[in-house]
Structure formats: C-alpha cells, structure tokens
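These notes open a run of structures that come right after.
Two complexes follow with chain A in common, the first pairing it with chain B and the second with chain C.
On to the complex of A and B.
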C-alpha cells in the first residue's frame, strides 16, 4: 500500500500539473467525453459529470507559470490570477477542452470570459450568472435555466441526452466526495500535526483535475493513512485563514504560515470543494432542482455572495469557534476587491469579539516570504505568550 | 481660444435642478420624504419617483467630493478604519464622507437612507459597497436587484423574467413598506413616457458630434450632460425640458459652425477627434480636460457617458411595459455589456463619428471598466488599424494622478495621430 508521503506526492503532481495530463488522458479513454474548464470559486460539477464530461478546475498558473504575454492583457493593478490563466490559454494548455465556465464572482473574471470568447477558446464559453436572489422561485429558477443551458451546450457537443438517473448517480458521487473531504478536513482540525495544511491542500486540489471517482479513492486512502499516523503535537497556535478563496496562495506560503508557528485549522482555500454544506438530494425526479436547492439553501458564505440576510461575520465566527481557533489570518490576493472589501466587516467583528488577527496580501506567484513569516511568527508568539497555556493542544 | 465663458441657459437649468434636489434632501426629515441610496448604472430612478421618494447616488457624491478636493481626506479616513489601499476609491470616499458627518457636495447634510436599493448592474463592487453601508446604517432595509450580465450578447427572456420577478417581489414591496405608498403602475408609465423622450434627446445630443467641428466634447462636457439622467431626473418633466434646451443650444452651435465650449472658452481649432473609453479623473478634472483642448483634441464619443444607459443600439423604454422596460434598461448599461459588445459599440462610435484615434483612460480603482481594456485596444487596433493610446489615473484618489505622466503619454499619442494624418494624405 502507498505510504502517506507517496499519496501526497502523487496528489501534488496531479494538482499542479498545468498540462492537465490526467484529465486529457481520461478524455481519450472513452467516446463522447468532454472537458469543461471552470474558474473559481464554485461550480456544480455534477452537471458536467452527468453529461459524460469532466469539470476541470482552472485555478491559475500559480508560481509555476512564467508570465510573458499575460501582462499585456492586464494592467498592473489587477490581481494576478487572470494573467496566469490567459498565459495558459495562449500557450495551449487548455487545448482539448471543449468548454469554459466562468462563475460570476467579480468583474475581473467576468471580463476574462469575454477574452476567452474573443480568443475563441473551446467550443463554448459561458459566464455563469449565479443568482444573488435566494428565493427558490426567483433566483432558483433563474439558476436552473443557467444550469440547463450548460447541459444543453455539452449535449450539442457529445449528443448525450439528459437523464435523471445519471444526474442522481453523479450527485451521489459528489456527495461522497464532499463527505470524504469534510472527514479529511476534520481529521486535520483534530490533529493538525498528522498532516500539514500544505499536504492537505494538494490532496484536495488534486480533486479539481481528476475524475471524482478517482479522487474519492484517494480520499479514502488518505483518511485511512492519517488515522493510522501518529505525529507529535507542536506548540503552535490554531489559525483560520480567510480571503484566499479565488486566487490561490502558493504552496510555500501555506508552508510558511505553518512553519511560523501556526496550524491552519480552517481556511477558504479551494472553497468550491466545500461550498455545499451537507448532501444534495440524490434520489429525486428533479436532480437539477436538487442542485439548485442546495445552492440556494446550503451554500457556505463567501465574499462573492450577497449576504445581507445571513451576515458573513457571524458565519466566520461560528467557524472560528468550531475550529477552536486562536486567531485569524486575513490573507487576500492583492487588488482583490471582493476579499478586501470584506476586511473591514470581518475585522470589526473580530475586534468586537476579542479575536486577534493579522492581515497581509499575496499573489499566486509571491516568491518572498520573509515578511509574512515574521508577521505570522510574531502573531503566533504573541498569542502563545498572552494566552498562557499550550494552545496547540486545546 | 475665445475668451467668453458665458453660462448657457441649459447650464443654469441644470444647476437649479441639482441644487433643488440637494435642498429637498437636506429637508427630507422635515418634509417626511423617504430617501433611497442607489447606484448610477442600472438606476431605476423612475420607480423611486413613482413612490415619491428621493434618490441619493453615492457615486455622484464621491465624484463631486473628488472635484471639490475633498476625496483625499475621506479616502484616508476610510483606510484608517480598515479599508485597503487596493480597492475602489469611490467606496472609500463615500465611507469617509459618511463617517465625517455625511456633508454632501453642496455643503448640506445628506440624510441617512431609509432604503438601500442595491441595483447590482455591471459592477460587483456595488454589492460590497452596500454590504459595508448596511453595517454603517444598521436596521436600514436593503432591496437587491440582481441584473444578469449580457454574457451571450443578448437579453434572454429568462433574464428579463428574473429581473421582473425581483422587481415585483423584492423591490416594490420594500419600496411600498418604506414609503407607505402603494405601487401605481399608471404613475410609473407616465414617468417612463418622459424617460423615453429624454432617451431620444440624449441620443440626438451625442449624435451632433458627427459635425465638423464637433459642437460638443462628448466626454468632458458629456459628463455634465448626463448629470440629470444619472442623478434621478430621467423620468421628470424638468429633464425633458433641460435636454430639449440643451439640444437647441447645441444645434445653434452647429448652425454657427462652432466647436465645443471648454472652461476657458470656445475651442477654436479641432485637430484631433477621439473616442475615449473609461471614466475620467475627477480630482484634477480641469487640468485633465485642458491637456486635451490645448492640443485641439475633442472627444466625439465616450463609453463613460453610456454608463447610466446605452441608447445607441436602439434601446428605448416602453412605457406600456414598465417593469420589463426597467429590467431591460438595467441590462443594457454599458458595463453590463460583454467585452465583444463593448468593442462593437466603440467600433461603431469610431466609424460613425470619424475618430482619428482611440484612447483608454484606465482607472486604477475600477475593475468593472479596467479589466479587459487592453484587449479592447488590441481588437480595435486590429479591426480598424486606428492609433490607440492608454493613460492611467484614478477616479477620486489624487495620489494616482500624475500630470506629467499623462501629459507625456498624450503628447506621444497626438504625435502618432499627426503622423498618421500625414501618411493618410499621401
């Protein structure tokens, strides 16, 4: 059996493979298979799966793709992620993808969808308007029409007919994926010394670029191996990281935070993988309706979702409490309006509740971590010093 | 440059309209008028008026603060309470103004909102802005009107239905509740009849730049012309009157063969005709404008003047279908058009108004406009072989206005236009 290290290494290779080798190989293994790239944050991959496709997460070029042409598409004061994505597109990394989905999260992604259209990438490019109205018969119906349009677009390519049965099966598989993901995260929350945040990140991120069936197997193995692992608890504070839901921090940044004396026990990296809270109904005559219902009623909170009736600061505090956190790190991509405009709201909730926090900016290609390491280290030290007991063992 | 800068009648009318509006706002408490904060793109002022409420546009306040050199302090105050340097400066300017007593551009206090109408059109920051305001005005109801994006270059029936349902079930009930007035569709239709007249007049006004010399500057003066439609007057009789007056003044200039009026008088020689994309800078508006007219450059069309509604592509409200019309109006605002539509529209402007060049003023704060502008430039250059230029500034943060930088870039751009003219003549 693979060791934990081997499994993690495999996942890291998959997760950061900017050629999407496994996805393309999967496509070549069967008739009528399609690849549909989707940008952050969340997209109901069940839809693509049920139409004999693989939804492939496009999370930017990170620190692995040198930007040569991408900068000519974006001014310096726009976040880094879209320039990485354009670079990948221009260099042919997405060749073989049939479609591209751009969830409505911000103006940058919105206009990136237009660039893909102009560059004539794939057979379809769809900007996906997620409703900001959360009433089933208003926003829900609109969302359903958006989802059906995607199913139609795929069907036009591979002639796969819509089937309730297939949709229910897909939902079941993704329910299982969500359950396993949660179990894995919970294991880490309970014993963060057994698997590092960076390792867990790679495992979850691998799920964005491979078939869900394979990812489920990986997660099952991982859970078994982590359960069996021992490890030694260290004197680190427990932190929640907030703000990195779209542009992803480089792996070394996650490592830096942990090396500086913080266990990341809650985060919004790869938020799409835990967007839906709980299971989606998987035994229904209206599976798309079930997906819609889950979005409308069981979404997590995010900077990109209108929250007035369900204030995000309370949801953040709940998560903080559940994760037995000691402090919060606000880490947002530079120039990210959605993340940064939430900071005053979330930080004022921290102030009111006596929660300590620090805040810094990053880019997906940040290469220098000295300042962040010092900041996180001082943060950890100050909490340890003032809170007295060994915080990592709460 | 001619020396006379006499105020035209239309300017006087506009000044009075705006002053009266701010007066009404400052006395709203006494008169019992309810106040609705909302945004310019996709502003459904007609509906607000149908409930006898008064609109406030935080963006307009921010730009006015910029013009009156107050935004700097407001922005820094907002940064002191945790707002990042990297985000939209309109938001920070507004928050700063609010925490400094909410004294508006005319020096009168702007009343707090009774309703926050989040007309969420073409810009995500709007949502974040009102999420912040909601916390600063606890207890004030928020009505969300989510406008779907024209991602596929069209308004599909589901999009209109989605918006009409939101209007009927979310926005109108909240307006009824706040104002205590029942929704009256006939009244709304009457207001929309005025809007339709105003839309026609706006189109005729901006079309006068087809003349040589152009009688108006469609960017620098254009922002004044769109003032009334973007600040709550679109469906009013005053607006109809204002735009008719403005149109006849401009036609008189055409008859006399006059160029545009600038703050220093009439521009005498039209050397370059430009189409400009992106909002202007407000903190140095006069200097900014002067950089153009000193070179004899006139803007014959600008995307910014379409931010509160695009009428060039045939859209008109239909008073007989009031809610559908409001929905379609919102979806037709410039920043709600996809990149290809924006390019098509700009292309049409360049061709129709016989522009010599295309210029982008890229605004640091504004992703809604800025993300994609370089692609727009590339495409227009490719399609029309027209010289394209880029300058950078900010809306209301003076820290990002570099006079010498902009001047240098403009000089090179104008040189390029000159050279092209010589080549074309040969």
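On to the complex of A and C.
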C-alpha cells in the first residue's frame, strides 16, 4: 500500500507540473474532452466537468518558472503571478487547452485575459464577472447567464449537450471533493503534527490539475493514512495565515512558517477549493440554479467579495476562534491591492479583540526566507514565552 | 517535595553545536555543557549523538527530560519538544550569565546582533548586521587560518599588538585582499589580527549606537570567547565615550543553548499550569 510520504510526493509532482501532463493525458483518453484553464480564486468546476471537460487551475509559475518575456507585459509595480502565467502561455505550456476563464479579482487579471485574447490562446477566453449583488433575482440571474454562456462555449467545441443528469452527477462529485477536503483540513486542525501544512497544500493543489474522481480517491487515501499516522506533537503556536488567496506562496514559505515554531491551522491558500461552504443541491431539475444558489448564499469571505451584510472581519474572527488559533499571520503577495487594502480592516479587528498578529509580503518566486523566519520565529516565542505572567523568571 | 526538572538546550550554529543540560527548581544549575564542531557533518545527526552522549553520561533517559528545546538552526531536530528563536535564547542566556546586563550582543559565526532586554530576558528591541560576511566570526576564523593561527591563539595574539592595521572593512573579500597585502608589506601577525578585531568591533559599536544600548553590555556567542575581540569592543566603546561597560562570561559560547534550556523550563511550567486549569 502507498505510504503517506509516497502519496504526498506524488501529489507534489502533480501539483507543480507546469506541463499539466495528467490533464493532457486525460484529454487524450476520450473523445470530445476539453481542457479549460481557470485562474484563482474560484470557479465552479462542476460546469466544465458536466460538459465533458476538465477545469485546470492555473496558479502561476511559482518559483519553478524563470520569467524572461513576462516582465515585458507588466510594469514593475504589478504582482508576480500574471508574469508567470503569461510566461507559461508564451512558452506553450497551455497548448491543447480549449478555453481560459479569468474570474474577476482585479484589473491585473482582467488585463491578463486581454493578453490571452490578443495572443489567440485557446478557442475562447472569458473574463468572468462575479456578481456583487447577492439578491437571487439580480446577481443570481446574472451569474447564471454567465455560467450558461461558458457551458455553451464548451458545447460549441465538443458538441456535448446540456444534461441535467450529468450536471447533478458533477455536483455530487464536487460535493464529495469538498467534504473530503474539509475532513482533511479538520484532521490537520486537530493534529497538525501528523501532516505538515506544506504537505496538505500539495495534496489540495494536485486537485486543481487532475480529474475530480482521481482527486477524491487521493483524498480518501490521505484521510486513511493521516488517521493511522502517529507523529509527535511539538510545542508550537497555532496560526491562521491570511492574504494568499490569489498568488500562491512558494512551498518553502509555508515550510518556513511551520519550521519557525508555528502550526498553520487555518489559511486561505487555494481558497477556491473551499469557497462553497457545504454541499450544493445535487438532485434538482435546475442544477445551474443550485450552483448559483450556493454561490449567493454559501460563499466564504474574500477580499474580492462585497460583503456589507456579513463583513469579512467578523468571519475571520469566527474562523480564528474555531481553529483555536494563538495568532494571525497576514501574508500578502507584494502589490496585491485586494489583499493589502483589506489588511487594515482585518488588523483593526485583531486589535479590538486582543489577537496578536504579524504581517509580511511575499511573491510566488520568493527564495529568501531569512527575514520571514525571523518574524515568524519571534512571533511564536513572544506568544509562547511572554504571554502573561513572567514573575519568578528573574 | 523536589520540584526540580531537567531541561536541555541545543544550539545549532553554522559551525558548531552547543548543548546545555540544566536542572531547575528555585535555582538554576548547569549539570553539563558540551560543544562540538560540525566539520561538514549533518547537524541533526551530530545533535542526536550529543543528546545521547549527555543522557548516557548522567544515566538519564530521554523521558527524564521535561523539555528539550532547540535554537539557532535546530528546527530539524526531531527529538525537540519546541524551538526558540536564537535572539530570544541569547537574550535570556546573556543576562543569566551576566546578571544586570541590559544589552546582549550575540556575536556568532555569520552575523552580529545587538539586543536590548528587560530584567526577564524579554527582547525589547534589536539591530543586526546585514548580509556582509565581514562582520562575522567566520570571517575572523578564516583570516586566522590564512595567517596560520589556531582559533585558540587568536585572542592572545591580538593582545600583543602595538600598532594595529585596519583592513577596508567594506566587505570580506576586499578585507581578505587587504590582509594579503599586509602580509607582503611585513605587518606583524598581532597587528593584522588586532586590525581585524577592530574592524568587526566597529560594526558592533555601530549597532550599539543605533540601538541606544544601555550598560552593561554582555557579549555572547563564539566571538565573545575571543579576548582580543572583547578588548577591541571595549577600546572602541571607551574611545567613542559611549559609557558602556562591556562584560562577558567564560562560557559565553553556550549562551544560546543556556537560554534555550532556561526558557524550556519556564515553558514547561507554563504548559503544566495551563493543563491544570
């Protein structure tokens, strides 16, 4: 039987395979199959799956792709991820992809969609506006029409007809994927010494580039193996990491935080995989409506969502409490306006509630972690040692 | 009833490993300390061997140790219970070895860090040298090797200097070229070594000035064992009228491990108290 280390190694290889080998192999294994790349944060992959496609997460080149031409497309004050993505596109890594979806995050991503269009990548490129009006008859209707447009575009490529049964099946598979993902995250929250945050990250990220059926099998195996694992708990503080919902941190950064005396028990890495909170109705005559309903009523919080009725700072505090955190680390990508504009609001909530935090910036190709290690290490020490009474220590 | 507990602090540096076995109750007592050069060996392996060696020597089992804490680059030690950052441990070790110290200067192999501390050993502020190797113990060691001196001889040799010759001090590479020139110009070894010590001491003084350090200042780490280095820092502090008393301890190299072992005891008691409530 595959060991936990072997499973994690396999997932790491899949997750960081910039040639998307498994996705392309899957496409070649059947007639009418299409690959549709999607950027962060969230896209309902059920839509592509039901249309006989594979939604492939495009999360940038990270620290594994040298930027040569990508810098010519963006000014120096723009974040790193789009440079990596355009570099990948120019080098042919997305050859064989039929479509590209750009969920609305910021102007940089919108511009990236324009570049893909000019470069004539794939058969369709869509910048997808997500509703900011959360009333079903306004934002919901708009969102539904956007999703149906994507289904139509895929149908024009592979002639697969819209089918309620197929949509319900897809919803069921992704419901299962979310349940397993939550179970895996909860296991880590309970016993973070059994599997590191970086290992968990690789397992979840692998799900962005392989068929959901295969990822569900991986998650089931993972849960079984983590349950059986023993491990020795160490004296570390429990932290929530916030800010890395779009451009992803390098794996070494996640490892650095944990090595510096912290267990990451809550995070917004790969936020799309846990965007919908709970199941989507999977036995319905209007499956797209069910997907819309889940987005409107059961989305998590994010810097890209207008949330006047349910402010993100309260939801962050709820998560912090649930995860039994000791502190929060605000880790935002350099030049990420959505994350950085939110940090004062979130940090003010921390101040008011006596929650300790630190903040730093990173980029997906950061290679020097000395300063971050120093910050995270002293943060951990300050909570472990200097929290409370020190009398008697002289 | 004996409330004493045993703790171990393991400090993995870039060139050596230091370990301290401590017994704490109302008093803190050092039961043992060991120091081992890494010599390109796997740090985790050497640390494990040292732990076993100390446990065997004192007829102890691993389970007898209430808390084994690592510091420095010791995050990889699997047998640790917790890891403390080196600034935290040097601060504590420094004031414990030199009671009354208000500033601790950790002079390690790769950089120098000045830390302002309160009476409990809590870090209040700090300044450290940048990436340049010319402010580090490794640099001093390299120069000594070029000059054919053993590390143990460096301090006494420096004290023999009558007319120190300062290198460029801008970077280690340029300074090493300066040293070659000095040798060819017939400058004596004590004067070259003293010049190197003064060059590093200048960086220490800059850190202390920008930190607005308070006296006494305790030097810790490998370089604090070097009499010539301590003398150079003292001379420059006096020359600059900083009004700082420079102090050190014969076991200054163990300050990080010592601090880790003390914090380990404190943390253990804190965790025990939390369990009870």
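Note that the second predicted complex is superposed on the first by the 386 of 394 C-alpha atoms of A that agree within 3 Å, B and C clash if a C-alpha of one lies under 4 Å from a C-alpha of the other, contacts with A are read in each partner's own complex, and residues count from 1 in each chain.
Definition applied: a contact is a pair of C-beta atoms (placed from the backbone, for glycine too) under 8 Å apart; a residue touches a chain by one contact, two chains touch by 3 or more.
Every value quoted in this text rests on a predicted model; they were computed, and no experiment measured them.
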{"item": "First (chain B), second (chain C), both or neither touched by A:4", "value": "neither"}
{"item": "Partner chain(s) touched by A:260 [first = chain B, second = chain C, both, neither]", "value": "second"}
{"item": "Touched partner set for A:191, first chain B, second chain C, both or neither", "value": "neither"}
{"item": "Between chain B and chain C, more extensive residue contact with chain A", "value": "B"}
{"item": "First, second, both or neither for A:343, with chain B first and chain C second", "value": "first"}
{"item": "Partner chain(s) touched by A:235 [first = chain B, second = chain C, both, neither]", "value": "second"}
{"item": "Contacts of A:380 with chain B and chain C, given as first, second, both or neither", "value": "second"}
{"item": "Which of chain B and chain C A:296 touches, first, second, both or neither", "value": "neither"}
{"item": "Residues of chain A at both interfaces, chain B in one complex, chain C in the other", "value": "none"}
{"item": "Chain A residues touching chain B - in the complex, by the definition given at the top", "value": "72-75, 77-78, 82, 104-108, 110-115, 117-118, 126-127, 129, 131-133, 135, 137-139, 141-142, 145, 303-304, 306-308, 332, 334-338, 340-345, 347-348, 361"}
{"item": "Residues of chain B touching chain A in the complex", "value": "81-84, 86-88, 91, 118, 120, 123-125, 127-132, 134-135, 142, 144, 146, 148-149, 151-152, 158-159, 161-162, 165-166, 169-170, 338-340, 342-343, 362, 364, 367-368, 370-375, 379, 392"}
{"item": "Chain A residues touching chain C - in the complex, by the definition given at the top", "value": "232, 234-236, 259-261, 374, 377-378, 380-381, 384-386, 388, 390, 393-394"}
{"item": "Contact footprint of chain A on chain C as seen in their complex", "value": "67, 75-76, 78, 80-85, 87-88, 119-123, 263, 266-267, 270-271"}
